[in-house]
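Presented sequentially are two complexes of subunit A, the first with subunit B as partner and the second with subunit C.
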Partner chain A sequence: MSERFVRALERITRIGGVQGAMLVAADDGLIIADASMEGVRGNAVAALAASLAKRFTRVSKAATVGAPRFLHLQAEQGTLIVVAALGGVLVVTMGGADMNVGLARLEMLRVAEVVA
Partner chain B sequence: MADDIDVMMAELARDATSLVFLDLGEALRRRGRLEAAVRVALTGLEQHPNLLDAHDLYARVLADVGDFKRAREVWSSILTRDPRHLGALKGLGFLFFWSGDLDSALDHLETALATDPTDQSVVQALMTVRAAAQEAPVSDADGPDPVFAGLDGAERGILLVDERGRILGGRLQSVVGADVSDRVAAYLAGAVREADRTARLLDLGAWQSIVAEGEGGNVHVSAPTPESLLLIVRDRGVPAGRLSMLAQRAAQAARCWLEEQQL
Partner chain C sequence: MRRTRAVESWTLIPLETFVEETGARLTLLMTPAGQVLAQYGFTRAVDVMAAAALGAAIFSSTTEIAKMLREREFAAVNHQGVRHGIFLGSFSTRRGRLLALVVYGPDSSVGLVQLFFEDLVAKLMAASPEKVEQRPVLAADFERELTQSLASLFGR
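Up next is the complex of A and B:
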């Protein structure tokens, strides 16, 4: 099962600028499957992405637009994207500032479908 | 109770390595005998320096005597070794609640509940914190907004807050017209602190913007100045590029208004 997920994640990591992609449990921020490059601190990425998603879920719900299905943190030197899949699973992708966000998003949605 | 304490003290006197010090310390602090509780906790820590429950007992006593800073340090240290330690999660949850950081309080108490769904003290605490979050005062502002006047959606979909979540300008309305500005502002500062922490720890540099797309609309967050946060909400039909442009215009308006306030 995990191998199937990793293969799906590798479609994301082939996109230019992507440093890592993983499936993360939304409730505790633990990695379910990981396809990150060497040097990417997967555990930290997973935990922080899950925590960030939780925080912005509160903001979005308070704004009455519902829980976010797509979350995009843009920083000076990099990008973190979180897509919510079914079953409390998050698809998380981290990359450089040059990452093709649109393409990454498409592939992440495909992975979310595989998870479902 | 006093008899119990005597019995436990006797047992601890017989065997200094006994784990009864955990119950004894707790019994003493519940009776308000805090000096004795501190002694018991410290003695227990000497015997069992790696026992997290001993550190938890010490933190509870520290909180009882009003040393919240050290209590927080001890509980935080416990969580670095066991992120699901129930006592530390509860302790930090209470500390955050009393300091007014409802978002962090919810984080810790929700994790505590996931760790032990049967713990009634956590259930009660969560109800209290959630009620406090719901009871944020409702804004009674009316008329044109002084910060974003003239911008599309200024009266219902733009909010400017300071870094502590206090509203500076703008207003947010739900789809049925209810004012949700205070509720959103209460969560926003904590969420952005988390984004800042995430960007720093992952070596992404300073955060620039956050976009969250929900079923009922999209949220765009940016920081017009280091001391302010700007949140824009639009329905899902508004393209990301247009939302970003609107955010830039609103940020410019916010900077101008903030500068005027300082003159």
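Up next is the complex of A and C:
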């Protein structure tokens, strides 16, 4: 099962500028499957991205716009993207400033479908 | 009002940081025998004593299970409930083996607790003083020391 997920994640990691992609349990903040480059603290990214998604869910629900589907965090030296899949799973991708965000998002939505 | 209290002051800042970062509801730092070094979030002494005794018992049980499985020990145990989770982790310091019992709610997660538990362990290891020679506990001292510890843990 996990191998199938890793293969799905590799569709994302093939995109230029992507440093890693993972499936994360939204409630637990734990990694389900990981395809990240060496040096990426996967467990830290998973836990903090899930925490971020949880907080944004509260914000968007308070704003009566429903649960967030797509989070895009643009940092000084890179980007973090989170897509919510069905079943309480998050697809998380991190990359450099040169990452093709549009393509990454497209592949992340495909991965979300595979997971669902 | 400060909700983190410590019998041993070197545990205070690492524990406060941990609680702030994880959003933990309750946290106990204690020895495997259930002697409490610091606490966050408890308001009644009886709850601290019960939680410490139960946490130490869980650790003792899982240590025995680990022995049966020929594991050295389980570093951490997580019990996931519907509204709350309980994380129990053991680690070494210069003061000897310690346990952290953490209760977290839906605004936190086991992933966050695990992540910042690693930081907590590193900070406690760095802050811990050398182990002091254990002296025998005398009945005459026991009640006074217990009262002092509870006073420290509840700021009374």
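Basically, the second predicted complex is superposed on the first by the 116 of 116 C-alpha atoms of A that agree within 3 Å, B and C clash if a C-alpha of one lies under 4 Å from a C-alpha of the other, contacts with A are read in each partner's own complex, and residues count from 1 in each chain.
Here, a contact is a pair of C-beta atoms (placed from the backbone, for glycine too) under 8 Å apart; a residue touches a chain by one contact, two chains touch by 3 or more.
All of these numbers come straight from a predicted model, not from anything done at the bench.
With subunit A as the common reference, subunit B cannot sit beside subunit C without a clash. Looking at the shared chain after the overlay, A:Asn43 reaches subunit C, while subunit B stays out of its contact range. Of the two partner chains placed around the shared chain by superposition, subunit B is the only one that A:His72 touches, whereas subunit C remains out of contact. Of the two partner chains, subunit B is the only one that A:Met94 touches; subunit C does not reach it. Residue contacts after overlaying the shared chain place A:Ser51 against subunit B and subunit C alike.
Partner contacting the larger number of subunit A residues, of subunit B and subunit C: B. Contact with neither subunit B nor subunit C is seen for A:Arg14 once the two complexes are overlaid on the shared chain.
In the superposition on chain A, no contact is made by A:Arg4 with either subunit B or subunit C.
Using the contact criterion defined above for the overlaid structures, shared-chain residue A:Asp28 touches subunit B and also reaches subunit C. With the contact threshold set out at the top, residues 27-28, 44, 48, 51, 54 of subunit A are in contact with subunit B in one structure and with subunit C in the other.
Partner subunit A is touched in their complex by these residues of subunit C: 80, 106-112, 114-115. Within the complex, the subunit B residues that touch subunit A are 84, 103, 106-107, 111, 114, 172, 174-175, 178, 180, 183-184, 186-188, 190-191, 194-195, 197-199, 201-219, 221, 231, 233.
Within the complex, the subunit A residues that touch subunit C are 24-25, 27-30, 43-44, 46-48, 50-51, 54.
Contacts from subunit A toward subunit B in the complex involve residues 27-28, 41, 44-45, 48-49, 51-52, 54-56, 58-60, 62-80, 94.
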